[in-house]
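A, B and C label the chains in the order they appear, each numbered from 1.
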Amino acid sequence: MSMRLSELASTFGLALIGEDREFTGLNTLEDASETEVSFLANPRYRHLLGTTRACAVILAREYAAGARCALVSGAPYHDFARIASLFTRRESGFTGISPAAVIHPEARLGAGCTVHPHAHIGARSSIGAGCEIFPGVYVGEDCRIGDDSVLYPNAVVLSGTEMGARCVLRPGAVLGSDGFGFVRAGGEMLTVPQTGVVRLADGVDVGANSCIDRATLGATRIGADSKLDNLVQIGHNVRAGEQCLIISQVGIAGSVRIGDRVTIAGQAGIAGHIRIGDDVTVGPQSGVPSDIPSGVRGGGSPFMDGGAFMRVVSLLPRLPELHRQVRRLEKELADVKRLLQDAAGLCPERTEGAAGGKASRSD
Amino acid sequence: MSMRLSELASTFGLALIGEDREFTGLNTLEDASETEVSFLANPRYRHLLGTTRACAVILAREYAAGARCALVSGAPYHDFARIASLFTRRESGFTGISPAAVIHPEARLGAGCTVHPHAHIGARSSIGAGCEIFPGVYVGEDCRIGDDSVLYPNAVVLSGTEMGARCVLRPGAVLGSDGFGFVRAGGEMLTVPQTGVVRLADGVDVGANSCIDRATLGATRIGADSKLDNLVQIGHNVRAGEQCLIISQVGIAGSVRIGDRVTIAGQAGIAGHIRIGDDVTVGPQSGVPSDIPSGVRGGGSPFMDGGAFMRVVSLLPRLPELHRQVRRLEKELADVKRLLQDAAGLCPERTEGAAGGKASRSD
Amino acid sequence: MSMRLSELASTFGLALIGEDREFTGLNTLEDASETEVSFLANPRYRHLLGTTRACAVILAREYAAGARCALVSGAPYHDFARIASLFTRRESGFTGISPAAVIHPEARLGAGCTVHPHAHIGARSSIGAGCEIFPGVYVGEDCRIGDDSVLYPNAVVLSGTEMGARCVLRPGAVLGSDGFGFVRAGGEMLTVPQTGVVRLADGVDVGANSCIDRATLGATRIGADSKLDNLVQIGHNVRAGEQCLIISQVGIAGSVRIGDRVTIAGQAGIAGHIRIGDDVTVGPQSGVPSDIPSGVRGGGSPFMDGGAFMRVVSLLPRLPELHRQVRRLEKELADVKRLLQDAAGLCPERTEGAAGGKASRSD
């Protein structure tokens, strides 16, 4: 596809500063060709404005002077996102229901569904209108999947799972595997049956090879428009609110309650049974052992609020210096005490009291 | 299904305190309806006894007074587990050998096996009696799988793997992928062939998308009744004992030896070639760089025993305070020394010695 | 297969010290039988030389005396690797193109490709000569895969991905899933379309269930002969150089630039948009918040160079001791000051100045 810069500017309310031309797509400042538009959102890349071959750059007014041709925006990243949606394409051209898919006669498919070869849909499961189910996907029995959801290759949805509309499961994502319910009891390993389900609200996105376990009882729940990155683990009976962002390799233990608009950065871990309020931000690799009230931003293991965490992080590398300081102090204080003992000759009646560490005004 | 509370009480040896009725299932204190039974294992949820709609609650005698109707148990969680097993259901109603499965003519299936469509079983592999192999499962050549094992959708078992009876592979679990055997040698990347296998004893459970690598030589081994959670990595030539609990996202490097009844909590990492004794507990996010003797419980990175770890963890957030204390001490000590120098006028012959930090009794 | 020790020695330039015999394979020192050869690379296992049943051991000259029969090598691990390659076997005996595979008429397969049943290859994708595509593999549209690459069961390669020659995707690996492009903007969740691709150079190996996300724009790139272990996450627009070793469960956030011959140990995390130079080694569980120049080896979270990190790690467990030392110093200094106050009677005119912490030589 191809479009004029002026057309783009008027469609998205940008100010074009520079020569109007045709362009064919989007690319990074480093890789863009003369027929591609790029964008500058992160100031650390502004030095690339001088060298990019892009025919125009979407950016904030303050950087416009640096670009040969500028598309000035009040929110460059957001406008880029809207523009990029013009250039996205479907993963596959295949449509319709493949005869090589295995669909149980008691399963129900909504209008306009695409089911690829070698997908499986179990008894009494219902797939909403406009869904796409890729090859190797397994949907168990008694599942409900809302309209316009997409299940990418080899995603697995075990029995009883409920998903809202516009949900996305990336390749290899697993919903409804048994929660980890094992206890050593009297010399034998006891298995706690996991009889609950997984329930996703509308607009939930689950990353590649991420896992959301079924509840022991009741449901493990993810709220509307919450997004999980790849390789994330969500334990049984977790409840997450709306518009949460859970970054790659985060682990959330069983029965954790998470509020709305919570961001948990990469590789962080949340201990079981705790509560995290709304609008909380947990930094990367954090270890969260206890509740976090709403609005707190922080990091570290154990988790601390932002200010405290930054101080600790900046001091940690200075631990050896601190040890040296303390050793020096001990030596110097010893010298001082020795000096005082010598000096004591001057006022002998006082030194015992002093050596004993208490001054007796009485005498 | 439906059952009377009195019947449940007598079957599992519980004391029913309250009105006898019919119930239809189990659920959490928060979500239970009037026809469901719930349980209280974790005291932190006892406040829910007042609000739950459950028709009865399995709990310890001390909390019985708080419940409208109580099923008093000596071990509420264990009794709940036993009761819940009455309400579990199979993932799928499908039975038999699907003609759409690909089973090599030289493979052997035991009596009563179920093999779903699009499962693959390679040459000379044997599947024990009563196993269930779900869609998308790949079992390579020369594998042995014991009786009553279950391989959930898209689990992968590469050639030569041996599994005991009653093993469970959750969706996407991978057994027998090559260990990470790469070495940069003289400017080129050398690949060390991984010619060993993976061997699971009876009753081993491997979580969703977890990986157990084949040995370089010999076998990577997991002992009887050991349970692995989701997204766990087990390196080549690891040997784990019996009844171990390896929680989600744990990584165990190559050639580690782990004893019996070891618990390794979420996101912990174990360095290569070390030995962990029996009955060890490793806390979440721990980094274990060296051997741990039997019976030790601890955490942290580097790993410390429990007491030491708790002290360090509690002091870490106080590092800034410690720095302030040390700075203050330095200043105060400087004042004292200055004061002494001034005071030195009183006994000049002593001060050089003192300034030099050593007191000479000789003079 | 079977071979004589003398034949092995001459083929690989080893010195045979001991009786010549037939052997049938390789195994570990612990598990080798009388007809198997073993090797000693890691000195910590040399005590096993006395007990191994191996008919010969590949080892360095210094350990030769300890073995009943020695194959002396200048580089035992490398020679073992070369010898082991004689004993590797293919995962499967299947060859050819299965009629149960789904190959789009517009896809192109090179000479000598093997495509197993239930593999999928999309429109306009080209598979190089001698590739093997296992069951359950999904290759989307417009992909290019170089010669002699192997895609193990259930690996997923989404549309537009390019792979060089001799690449390996382990089971469940996912290439080209959308980068995590979500932003909360004005009360709604904004999705940033991910329109780029993934590009692997020749000889790249991607571990089981590892994920490499497609770029927002342009390409996420992994350089020649770089090897990724299992459960690794590579974010959108990352660029890694050649001969990198990325160990299990490492997470690399978006737009990170990594040089050549970089080693990143298990569970480490790299923050977004930073640059890591050539020949860098990042220790296990490290958290890297900022750029690392070439040649640096280190670890920790935050990342420190090796020396500093080792000092901090060794001091961390001694934090409680440090706190005690500081408390003791404070008490002792208080005693000294009290003592001085008492002593002050000796030279009253001086003490105010001193108490005020400044010495006035003027008086």
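Methods note: contacts are C-beta pairs under 8 Å (C-beta built on N, C-alpha and C of every residue); 3 or more make two chains touch, one makes a residue touch a chain.
Remember, predicted model here, so these are calculated numbers, not experimental data.
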Could you label the subunit A-subunit C interface same or different, taking same to mean over half of its residue numbers are used by both chains? different
With a Cα-based fit, what is the angle in degrees between subunit B and its identical partner subunit C, given to the nearest 5? 120
Suppose each chain is reduced to the average of its Cα coordinates; what separation in Å results between subunit A and subunit C? 22
Out of subunit A, which residues touch more than one other chain, so two or more? 118, 136, 154, 172, 209, 231, 249, 267, 285, 316, 319, 322, 326, 329, 333, 336, 340, 343, 346
Touch list for subunit C against partner subunit B, complex: 25-28, 30-31, 38, 42, 44, 75, 77-78, 80-81, 84-85, 87-89, 91-93, 100, 116-118, 134-136, 152-154, 170-172, 203, 205, 207-209, 225, 227, 229-231, 243, 245, 247-249, 261, 266-267, 284-285, 313, 316-317, 319-320, 322-323, 326, 329-330, 333, 336-337, 340, 343, 346-347, 350-351, 353-354, 357-359, 361
Parts of subunit C lying in touch with subunit A, wherever the complex brings them together: 102, 118, 120, 122-123, 136, 138, 140-141, 154, 156, 158-159, 172, 174, 177-178, 180-185, 188-195, 209, 211, 213, 215-219, 231, 233, 235, 237, 249, 251, 253, 267, 269, 271, 273, 285, 287, 300-302, 304, 308, 311-312, 315-316, 318-319, 322, 325-326, 329, 331-333, 335-336, 338-343, 345-346
